[in-house]
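Order as written gives the chain letters A, B and C; numbering starts at 1 within each chain.
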Amino acid sequence: MRVKITLAANFMFVGAAFAQTSQVQGPVSSSGMTLFGVADAAIAYGTGSIASKTQLVSGANTLSRLGFRGTEALGGGLGVNFWLEAGYNADDGSGVAGNTNNTPAGATSGDAISFNRRATVSLIDVWGELRLGRDFTAIYRNREQPDPFGNNGAGTSMAQAATLGGPTSTRASNMIGYFLPPGLGGFFGEVQYFMGEQISFSPAITPNLKDGDGYAARIGYGIGPFGVAIASGTTKFAQTSSTGDIKVVNVGAFYDFGFLKLSGGYYRDKVESFVPVTGTGYLVGGTIPVGVDQVRVSYSEYGTDEVGSPRSRKFAIGYVYNFSKRTAAYATYAHLSNSGGASRALNGSLTDPDRSSNGYDLGLRHSF
Amino acid sequence: MRVKITLAANFMFVGAAFAQTSQVQGPVSSSGMTLFGVADAAIAYGTGSIASKTQLVSGANTLSRLGFRGTEALGGGLGVNFWLEAGYNADDGSGVAGNTNNTPAGATSGDAISFNRRATVSLIDVWGELRLGRDFTAIYRNREQPDPFGNNGAGTSMAQAATLGGPTSTRASNMIGYFLPPGLGGFFGEVQYFMGEQISFSPAITPNLKDGDGYAARIGYGIGPFGVAIASGTTKFAQTSSTGDIKVVNVGAFYDFGFLKLSGGYYRDKVESFVPVTGTGYLVGGTIPVGVDQVRVSYSEYGTDEVGSPRSRKFAIGYVYNFSKRTAAYATYAHLSNSGGASRALNGSLTDPDRSSNGYDLGLRHSF
Amino acid sequence: MRVKITLAANFMFVGAAFAQTSQVQGPVSSSGMTLFGVADAAIAYGTGSIASKTQLVSGANTLSRLGFRGTEALGGGLGVNFWLEAGYNADDGSGVAGNTNNTPAGATSGDAISFNRRATVSLIDVWGELRLGRDFTAIYRNREQPDPFGNNGAGTSMAQAATLGGPTSTRASNMIGYFLPPGLGGFFGEVQYFMGEQISFSPAITPNLKDGDGYAARIGYGIGPFGVAIASGTTKFAQTSSTGDIKVVNVGAFYDFGFLKLSGGYYRDKVESFVPVTGTGYLVGGTIPVGVDQVRVSYSEYGTDEVGSPRSRKFAIGYVYNFSKRTAAYATYAHLSNSGGASRALNGSLTDPDRSSNGYDLGLRHSF
């Protein structure tokens, strides 16, 4: 799916595109430090059966961020990379919460700036990349990459908006990751181990807490206009009536016909609480180039096997008007419908169970 | 009053000068990213009838900050600008609190760095600038610009120190602003709408909360040595015995005689609580060039119509010794007197009602 | 000890090396702004008699940081310098706590980034440097500089790990410092006054609080392969059963034989609580160059005169494999033993009183 990113990300992911595997460039030959970021603000309006809301929001096209990164070539094809990326809210200047140990207790305040998006140091050579720190989990990429809306704004996929994946569904801290190098005939992949950093009593108190420990992997194949990837991961939590180990598996794929890039994903998340809960969903998306602009459209569903089988469906359509490679205006409309007792709503609105909600974004995004 | 800034800010506002309207430069023709900031620390001493205090303080000449900004020319006179500016305390390295929704409940922790001073993304063309995000409110500029001390340190004007203007008296988040372009024969102006992002129930719960919603505007004329501006704004809050809609109107003006830049302002803030409270004040200031240095002097008052008509008066005089355009040492003395039961005091000291207080600053300011 | 830093810091202190006195470079002749930092992550394992722990940690070789600094030459040998340095955790992207008034009450949240490591503005000329803001205390340097492990990771000296020195043992805010200039025939020194910024009642409430006020000084001599320095400082706290004025005195020295740099330190910290407590310790360290790499070894002790005379001893050995001047891999092993009822443990493990603990670090450090 790396190829997909290269083709589709065009203007959307300055900064973010590199966040996947682009640092695995084989022999490293350049050094230097780069400042980068995104400033994205949008007027967002949401309606539901109970209440509506109007906001200025941040990142409805691409999440706002400020980052610092650099690479040093160490000779012999070896290199080292650092990457510090802080999310911020372009509507009010505040920061975005992170998490120090992959559990609800490790959540940090989002009042101010931290490197919540990424804080890594990597060794890179022809054998691949060893990456240490906080980063996306492998299981996140199949949610983000097939989504024409990149999981941002009113159009974000239901699998992202409603996932049961828990604290590590998007990122994990205390992570040791390995990425395959490029040049494997289209194959790419990564494995990750991350730590909740609980203490281990000896002799063991039964059972020893391992909350926040986990692992994830993703493998894929991308060549020419086609790409597919599968990912799986587990994060451990002590079993209670509401939580337990979380097991995720998902698949993403795309085919670029030129006039249309078709993408899709299937998602399954299981929480092994006393009575296990499984969530499943899928996405079908399309990105249609219109000159240098883009029409984006997607349909996605996500629901669980809880009583009543609550489920939400979303249809989203948007237009991205590209002033330049770095700057765009965009508009998105999304309609969300609920069933089985679900009451999800868009853009801060409130809706009754089984009622629908509409969301509208109108924004400006600048990458720097 | 833009012209005033250009003339008077000289060494004081590297970084800050641009915070007003300087991004409205008509057709944009340059790109790039700039890091900028101010490091300003001062020994501050205050005395009052109850207690005195000695501190190292930050920003007694210009508030300490670190910022990132840049502009991209989009062709055809169109441009985009981003601006991220974080306040910090030069005495201890901590951050400065912001506010996410323009209400007391939206205040953030100041422990760490956020873009509390400004976080904006703008579209700029010959018709003016559309600015989204967190920024100064229009009603702030007539307090800051006529004040020879720029609202900083012991010399800050009483209208700034004692304003009833509430959470949006200086800045607002979730703001949509528009600035007139330059080249209008000396006229300049801006309008702003900002959102508290409360939820709107339907059918409406009477009354729907609109706390933190508001609007402001400022219009002025500046040519040659003269400038004048008027501003007005309203921020909505549910009416209680202590708060309610806050309505602000103020005027600022200056005339630069060369050997003296005379400035003045009049301020009126009304809080529409059950028993409304109105605060009024004025400022008369002078900035006297002494070679490359400056003598600053001001007299200001602010008081309310509450029982006893509490009122405070301040006389301040200071000297700014400019090592260079970027670096200065400065000293300020201020004397504050209270009447009507007011008990304001300077630099962290405490004073009894109707007693006076003195403040002294001795500092070093470097802009980078 | 400045010379020592220059010789020994080689790869260890990009960024940090300057944090001592290197800005006192006599007549300043260059201007500009520099971004710098360190990204250091390690797998850390600790064992004790009760429990073990495995973590990804930050800064086991050099503390992770991001900084901004610059110097402006003002002519006539005069210069101004600013320095903003933020610690962060390379394992999770969060910030590191600071302190606004040198007392436990002034501790800030470490969730996000602040300039907790250093926030200063300085005037520098041939007479030395006047430095205002938050910085290391003079009494810290004799702990950090003789330690082959730089007070970081499992190998950090016991005098650092167990010091009674309180909130100002490493840094202080609201500080006015003066550094001697270089070129004094090998002599160097600094004095510091820092403020807790308590209020002073008049007539004085007996006793007036002075918590967090303090002063410190350090003087030394370094020439050729040899250096020695002595430091002393006092921080005031109201006397209780558990705290009171904290008085610190320590000595550090080194001699570089070429094949071995031998270093040592002696430490004494006294807390003047109702029943005073005194802590004492020492360090003997060696740094052995192996080509461009380094073997580090140290033995250190620290204990107090509390009941039972609790005391901890540590032996540490490590290897630093330098990929380049900026990048290294490193491994450290440390063994800690307790007596007199002490129960200190390494790397997050837990151990019973008088039992031992082992710590292991394996990490990657990149300076940028």
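The criterion applied here is as follows: contacts are C-beta pairs under 8 Å (C-beta built on N, C-alpha and C of every residue); 3 or more make two chains touch, one makes a residue touch a chain.
Everything numeric here is computed off the predicted structure, so don't read it as measured data.
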{"item": "Overall pattern in which the protein chains touch one another (line/ring/star/complete/other)", "value": "complete"}
{"item": "Same or different contact residues where chain C meets its copy chain A, judged by the half mark", "value": "different"}
{"item": "Separation of mean Cα positions, chain C and chain A [Å, integer]", "value": "39"}
{"item": "Shared-contact residues (touching 2 or more other chains) in chain C", "value": "35, 95, 109, 111-114"}
{"item": "Chain A partner contacts - residues on chain C that touch it in the complex", "value": "35, 37, 39-41, 43, 50-56, 66, 88-95, 109, 111-114, 323-324, 326-327, 329, 348-350, 364-366, 368"}
{"item": "Partner chain A, residues of chain B touching it in the complex", "value": "33, 35, 68, 70, 72, 74-75, 78, 80-82, 84, 86, 95, 98-101, 106, 108-109, 111-121, 123, 130, 132-134, 173-176, 195, 197-202"}
